[in-house]
Amino acid sequence: MALKSPEAFIESLRDDRRIHMNGKWIEDVTTAPRLKEAARHSALTYQMGRDPDLKNYVVSTCPETGEEIAAFYRMPQTAGDLLARRDAIYQVSRYGGGVIPFVKEIGTDAIFALRMITPQVDRKFGTNYAERIKAYHHYAQANDLALAGAVTDPKGDRNKKPHEQENPEVFLRVVEKREDGIVVEGAKCHITSSPVSNELVVLPTRNLGAEDSEYAVAFAIPANAPGITMIPMHEHHCNEPVDRPLSTHHPIVHAMIIFDHVFIPWERVFLCGEWEFSGSLVLSFASWHRFTGLCYKGPVAELFLGSAALMADFNGVAKTSNVRNKLQELAMYIESIGVYSRMACYEHQIVEGIAMPNSLHCNVGKYLFAENYHTMIKYVQEITGGIGGTCPSFADYQAPELHEKLERYLCGRSEISTEARIRVIKLVRDLTASCDAGGHMFGTIHGDGTLEAQRMMVLRDFDMRPAIALARRAAGLDE
Amino acid sequence: MALKSPEAFIESLRDDRRIHMNGKWIEDVTTAPRLKEAARHSALTYQMGRDPDLKNYVVSTCPETGEEIAAFYRMPQTAGDLLARRDAIYQVSRYGGGVIPFVKEIGTDAIFALRMITPQVDRKFGTNYAERIKAYHHYAQANDLALAGAVTDPKGDRNKKPHEQENPEVFLRVVEKREDGIVVEGAKCHITSSPVSNELVVLPTRNLGAEDSEYAVAFAIPANAPGITMIPMHEHHCNEPVDRPLSTHHPIVHAMIIFDHVFIPWERVFLCGEWEFSGSLVLSFASWHRFTGLCYKGPVAELFLGSAALMADFNGVAKTSNVRNKLQELAMYIESIGVYSRMACYEHQIVEGIAMPNSLHCNVGKYLFAENYHTMIKYVQEITGGIGGTCPSFADYQAPELHEKLERYLCGRSEISTEARIRVIKLVRDLTASCDAGGHMFGTIHGDGTLEAQRMMVLRDFDMRPAIALARRAAGLDE
Amino acid sequence: MALKSPEAFIESLRDDRRIHMNGKWIEDVTTAPRLKEAARHSALTYQMGRDPDLKNYVVSTCPETGEEIAAFYRMPQTAGDLLARRDAIYQVSRYGGGVIPFVKEIGTDAIFALRMITPQVDRKFGTNYAERIKAYHHYAQANDLALAGAVTDPKGDRNKKPHEQENPEVFLRVVEKREDGIVVEGAKCHITSSPVSNELVVLPTRNLGAEDSEYAVAFAIPANAPGITMIPMHEHHCNEPVDRPLSTHHPIVHAMIIFDHVFIPWERVFLCGEWEFSGSLVLSFASWHRFTGLCYKGPVAELFLGSAALMADFNGVAKTSNVRNKLQELAMYIESIGVYSRMACYEHQIVEGIAMPNSLHCNVGKYLFAENYHTMIKYVQEITGGIGGTCPSFADYQAPELHEKLERYLCGRSEISTEARIRVIKLVRDLTASCDAGGHMFGTIHGDGTLEAQRMMVLRDFDMRPAIALARRAAGLDE
Amino acid sequence: MALKSPEAFIESLRDDRRIHMNGKWIEDVTTAPRLKEAARHSALTYQMGRDPDLKNYVVSTCPETGEEIAAFYRMPQTAGDLLARRDAIYQVSRYGGGVIPFVKEIGTDAIFALRMITPQVDRKFGTNYAERIKAYHHYAQANDLALAGAVTDPKGDRNKKPHEQENPEVFLRVVEKREDGIVVEGAKCHITSSPVSNELVVLPTRNLGAEDSEYAVAFAIPANAPGITMIPMHEHHCNEPVDRPLSTHHPIVHAMIIFDHVFIPWERVFLCGEWEFSGSLVLSFASWHRFTGLCYKGPVAELFLGSAALMADFNGVAKTSNVRNKLQELAMYIESIGVYSRMACYEHQIVEGIAMPNSLHCNVGKYLFAENYHTMIKYVQEITGGIGGTCPSFADYQAPELHEKLERYLCGRSEISTEARIRVIKLVRDLTASCDAGGHMFGTIHGDGTLEAQRMMVLRDFDMRPAIALARRAAGLDE
């Protein structure tokens, strides 16, 4: 099969999927407000493959089937492959105006994790999950599917394990095993781009014990399968596109997904009860996904620096030391993201023949990104000035009765057009201080696990033994 | 005259003022979307005076006229008076759901600054500004007016002085002096609550030299005076009130104001050409206004801590050490705001018989508040969890087809109702991650001057001599 | 009795106390290296009372006996008394070159804590501790004693309670009760100035349960009592005084004290077994002692700022923005210490007729001081330049063969003498990078409890209820 | 020639070099206190080559001469060569107890910088510096010399250029050109390990203009050449080795060096008047030296983490969350150093056939290391406890009269020997709070340029164009 066209992708979303938003059922995701723009934004990943200059970033070849495939589906086997995946994610995010068109990355993160872990499950239990996920991988890439990865359960009381919860389905679980497949019940939260994806790849969200074996379930399912309902967050969006240049054209939608007695045929089931592997599956997915996070956050950070540098220039203060200090901090932030993401490629780990991004580097890089995100927003807002919070709308700026005055009063230094200045102010507002910006804050902190989870992972992954040995020797303990 | 009723206040705003928002003229500020809510929020300051339990915070007596007046108008003469002003601002902010109903504070900040500086101008130049501002003060309090303070000019190229600008009116200036008054031309930016105020008190925005004497102008003017146009920022606001519990009921509007050949009669002019005093007037206003900032930011910080503590409790994680650390940081943030604001009262300065909040303490307190604001938002968002970014709307929660599922899946620990949890999630979203939250970020950083301005003020106000003397002695330089 | 002269104080230390340092018994604390200087430094607190200009800071009157006493002994009853105690500690520290002559402050912290808590013990148990501590207080002030406060036990395994420890005496305890008194066994650590104090006031170090009642013991004892051995930390001190201008003249010594079957007569016992009050006694002492900490740390911070400002000036870089930023941070650090210490006076608590410094403000202030101490050191070192680490000794500078060269090469800007520059470099070195500076780092972090302990105290003392009530109301939970 | 033995190295230092320390001339650097230990510490770099297990790290082959040489002399041509240099520096630092034996690294940093820049000078001016430095490089490696790099001038008034200074020789300059060579006059500061090096490689310290051409001079010279006087900082060092386990055995000495009419033959002159290349020479050296810094700081950070982890374990608090948080910060600190140093190898730059560590990565890595150094010290001290500041000396611990008591009272958890705990406490003290630790603080902040210099370099090296292009596109400016 061939790579899909953007038009065919959008058409593929008209499949009677059940979406409920802001109190109403959505008839057609490709025409409903906000979802429509999200669909178009996601389609950019398909469109980029048609651009002769950029195609090489997002089109690749499958080493297993020899087919031409979307680069995101290419399972990395070398540092070079990982760097190519990094480039694909980074470049498609730049193509998306700095915002990743998120429809293949997380799904393939989940596939790669399954391809790493299922051979181990099969060896222990004699199952044939490895073959199934390989077949599904080939099916998805051959059909150039948009795939969401669905991992996070609602969780209820954070102090309790799944089976201890008052409502046992605040973690998704298998409620029936049939000859032809399984039936699951539960929900998944914050599922990025799910309303504009073709299928969902579902994984457990945490390490599980024997008493929680029915929660150890992984599978794939079309987004319009019976029993699935998606409830996207309804963002505010009254303003004109020109007042929200980023979020209007490049929205990311996340949905809560309800699984109401959903049937999964066996060939789409990749784990079912083997709780012993839930932990390593979660960790493996986390490494892949934090790597994805590092790759696509680069352009976000570039938007921060770029818009701040433009505002500093337009306001005539680019050379003052306090502005330069902030630009330098923003530059170091980009450097940090780039260094850790590329380092995760150079110093990768090979597991089951797959080159996996270095877990420690991914963790630390993602932690640094998220830990400092709000401070970077502060720097951009500081450089922009109060006008970022109070600038008249573009419609006011263009109103004949006001235009001449606003043209004169909203100017920066004399070489810069007032319109250009207003446009960058609007970009900063949308980037750092809109509802979408607020959503990105939550996504940055909580996507791929909390800051606290990453702290724990650092201690888990970091080998302290050389440090302790050196200190013991220096203290004279081992002489 | 008596203290105004909330209804009379709202009626007073129907005065044909010229407001242009999002491309259209506003007919009636008391019925237009968003402005209507802003008017009602502002009216809370009048309503509180009718509440027998709270009246004592916001009603006081004028020491000069003996009249019963709104407490905000009371010119402080002692530490006790300053503490009472602090309480008035703090309590009315709590009454406003944590958001200050901002219609008398900034105006009186400007009046107090003028009452401190004009006697000095009069002594030097034989003018009679002190009498005029006193008369205006008494007029405003007698009519219980809502007053905005208008200070910040658009500024153009930040590297140039007013007269060096390409457009000389990017700073507001006197363009004509007439027998009966003056005519001004220019604009003011970010003028808080101006669309819902009765009058504007206008001050220069910076220290000026002799060549910029026409910019040294201060005056008062009704908001509906000919030539005045206000252009409020149009915030996004599609969601239902229940999804935005804070910003729907308690919005603050800021406007850019254009002064197109506006006439001011002499009795409302409080400075006109005496550039030598522009610097001290600006500094004096800054101290008053930073004090105001410290007083009303307490409840904002309390909302941060309170909502974080509720989320931690609802999610069942209130006892974990990382959550406790964040709650402790939030508590210290409130403590810092409270300590510096009260200290500014205890250790006040007396100028022209007026007790002025300690400038250094105000500066440092405001700096700490603004410097750490984004980090506090991060803590609240960390404790809340990813659901803060993706929670279904209340309408979805209540939709009959989904309600039972969402009731079960959006729960926290079992003793807490799901609805309560959703409501607090919505509060956090609105408080930290909505367009209004974004506006507050800009307001926090840039209101009352930038962080950089406050840094400079600290070095200016701080007496380094004891430290240098001690170091010289310790180094043996002065033996 | 009269206030003691500095000579009499030094003479009073020649009492055959048992001190072991660096492998040897010390014959006479007033002549042994380092201890001799410590004794002279401590004597400054007596000397200052003889200085007509400064006497008023350190001499006061006892409200109970009417005697003239050292100000440190004055039990505060009003905000003014607390401010006077603050001034006494602050000024004596400036008199000590920026380093507190620590011989009455901690002892009186302990006395005040005992005078607050013992009446409560007596009311519950019918004991007469209050009378005893009052008598001891009057005895100590009448004899103008130098008193150390001894609180911290060695602690052993930090996870275990006293009675659970392998060695039950890693917490000091009563091992025998006799008719005439008690016998204690154990040790106390980090006891500031104890080798140059006349007596020790001993308190328990932690909250205790019923099973640890034998550890609930408080008493006073002369430093030369049988069974007491003090082991001071031996600091490095090879350099000439001029190379270490601060630590040579103003050292603080801390000792570990071993109590080997030490007998205490009943009239000096202030708690013995009443474990129910150990917690409140500890907390009360902590508040007093954190207040003391805040008062004496002001001059330390002033030395930081003063020496940094001198170096910046001498090097010709006082106006550069990065230097100004650091000076501003140092100024804010001093401001923070001053504000919280004075606020603790203004907003004090009255307990048993005693005005006690506000516990929350003391905690937060001390936390901020300690939390930021290392960063302030960094700023001073950054401004000083690498020469702070490598400057030739003063003896080299003065060597005839080298002097002319070093005079020319170690210069700063031309108006400044090279010798003055070298002296300030030496001060910075001694203040931030010597062994004494290292000792002060540990003292800052761990004195008056760890940063972690202060974090816990903040959560304990801070009233979250108003914040939670406001958030509940804003979320619509309590309508 | 063969690689030198440690004994031969030490013998080579007995060459009548002129060293003045603490007011006296040093007769023999190999027997004088402190310098003797510094010589032995430096000799470790020779000794390691004799260890069969470690030899491969520090012995290599010259690609130009085919000789067996010390690895530090190997001029990198590939990423692998750079990684090998990194390993050599890292491993020899671990061999030095965590402290680098600093006698070849900086000298070769200077040689590599000269080998990169001199070909450019020669091409422009027809000089033959490239040949000279190559010959010197081969000479130095063939004789396995210990080389110090001498760069920093005293600088006088930091606001003035060299020729503007009151004393024109506060920057070292050429005062005479003769047929056989040049004569220089001036001084160099903070010259690491110079008292225990064989030769000095001297570079200019800053970018120079035409009017400062006589300051544009680079050369090599034996440490005992006529006219050279070295003045090392005299560190305090009274304690017994066991109380200072690190600094006794592994001291680093820095000296100020005076050049009093020192003659340099032409074949040792590598730049003389070509001011146009001073800037690039300085930058090139800076990159090499920051890379060196990153490589040897890893073991320092490991000592921090290792000693903190041991203390946490010994005290029984390794599992508490606040301790774990600090250990995690320390681990991330090591990770940061390692990642940036290795990344500088992977993403190197090729200049004149030499693989040069990536300048941006080196800069950022070094900045992060230095910026956070004091905070890491704080964490180690927090975990250690107050005993780090007050622990009795080892001699006291071993004194028969005290031993039994101290054995019991200085214990940690019961499985740990008291002696082991004391030894680690002493290590922490020496590592973070001794005079040597203070010297390292200055070295960390100011070595390889100040934090401010690194900030400027980041802005200089970082390519902002992609960020600005992305922001312009997102704002709709370039459509």
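So that you can tell them apart, the chains are marked A, B, C and D in the order they are listed, and the count of residues begins at 1 in each.
Following the convention adopted for this analysis, a residue touches a chain if its C-beta (ideal position, glycine included) is under 8 Å from a C-beta of that chain, and two chains touch if they have at least 3 such contacts.
These numbers come from a predicted model, not from an experiment.
Participant: Centre to centre, using CA atoms, which chain is the farthest one from chain A?
Facilitator: Max centre-to-centre separation from chain A belongs to C.
Participant: Between 0 and 180 degrees and rounded to the nearest 5, what angle rotates chain A's CA atoms onto those of chain D?
Facilitator: Rounded to the nearest 5 degrees, it is 180.
Participant: Copies chain A, chain B: same or different interface, half of numbers shared as the threshold?
Facilitator: Here the answer is same, because the shared fraction of interface numbers exceeds one half.
Participant: How many angstrom between the C-alpha centroids of chain D and chain A?
Facilitator: Whole-Å distance between the two chain centres: 42.
Participant: Please work out the Cα centroid separation of chain B and chain D, and write it as a whole number of Å.
Facilitator: 53
Participant: Suppose each chain is reduced to the average of its Cα coordinates; what separation in Å results between chain A and chain B?
Facilitator: 38
Participant: Going by the contact rule already set, what residues in chain D reach two or more other chains?
Facilitator: 322, 325
Participant: Chain C touches which residues of chain D in the complex?
Facilitator: Going by the criterion above, the answer is residues 20-24, 152, 154, 156-160, 166-167, 169-170, 186-187, 189-190, 229, 231, 233-234, 236-240, 243-244, 254-256, 258, 260, 315-317, 322, 373-375, 377-378, 381-382, 384-393, 395-396, 398-399, 401-402, 405-406, 408-414, 429, 432-435, 437-443, 445-447, 450-452.
Participant: Any idea which chain A residues touch chain D in the complex?
Facilitator: For chain A paired with chain D, touching residues are 94, 97-98, 242, 245-246, 299, 301-303, 305-307, 309-310, 324-325, 327-328, 331-332, 334-336, 339-340, 342-343, 346-347, 360-361, 364, 367, 420, 423-424, 426-427, 431, 455-456, 458-459, 462, 464, 466-477.
Participant: In their shared complex, at which residues does chain C touch chain A?
Facilitator: 320-322, 325
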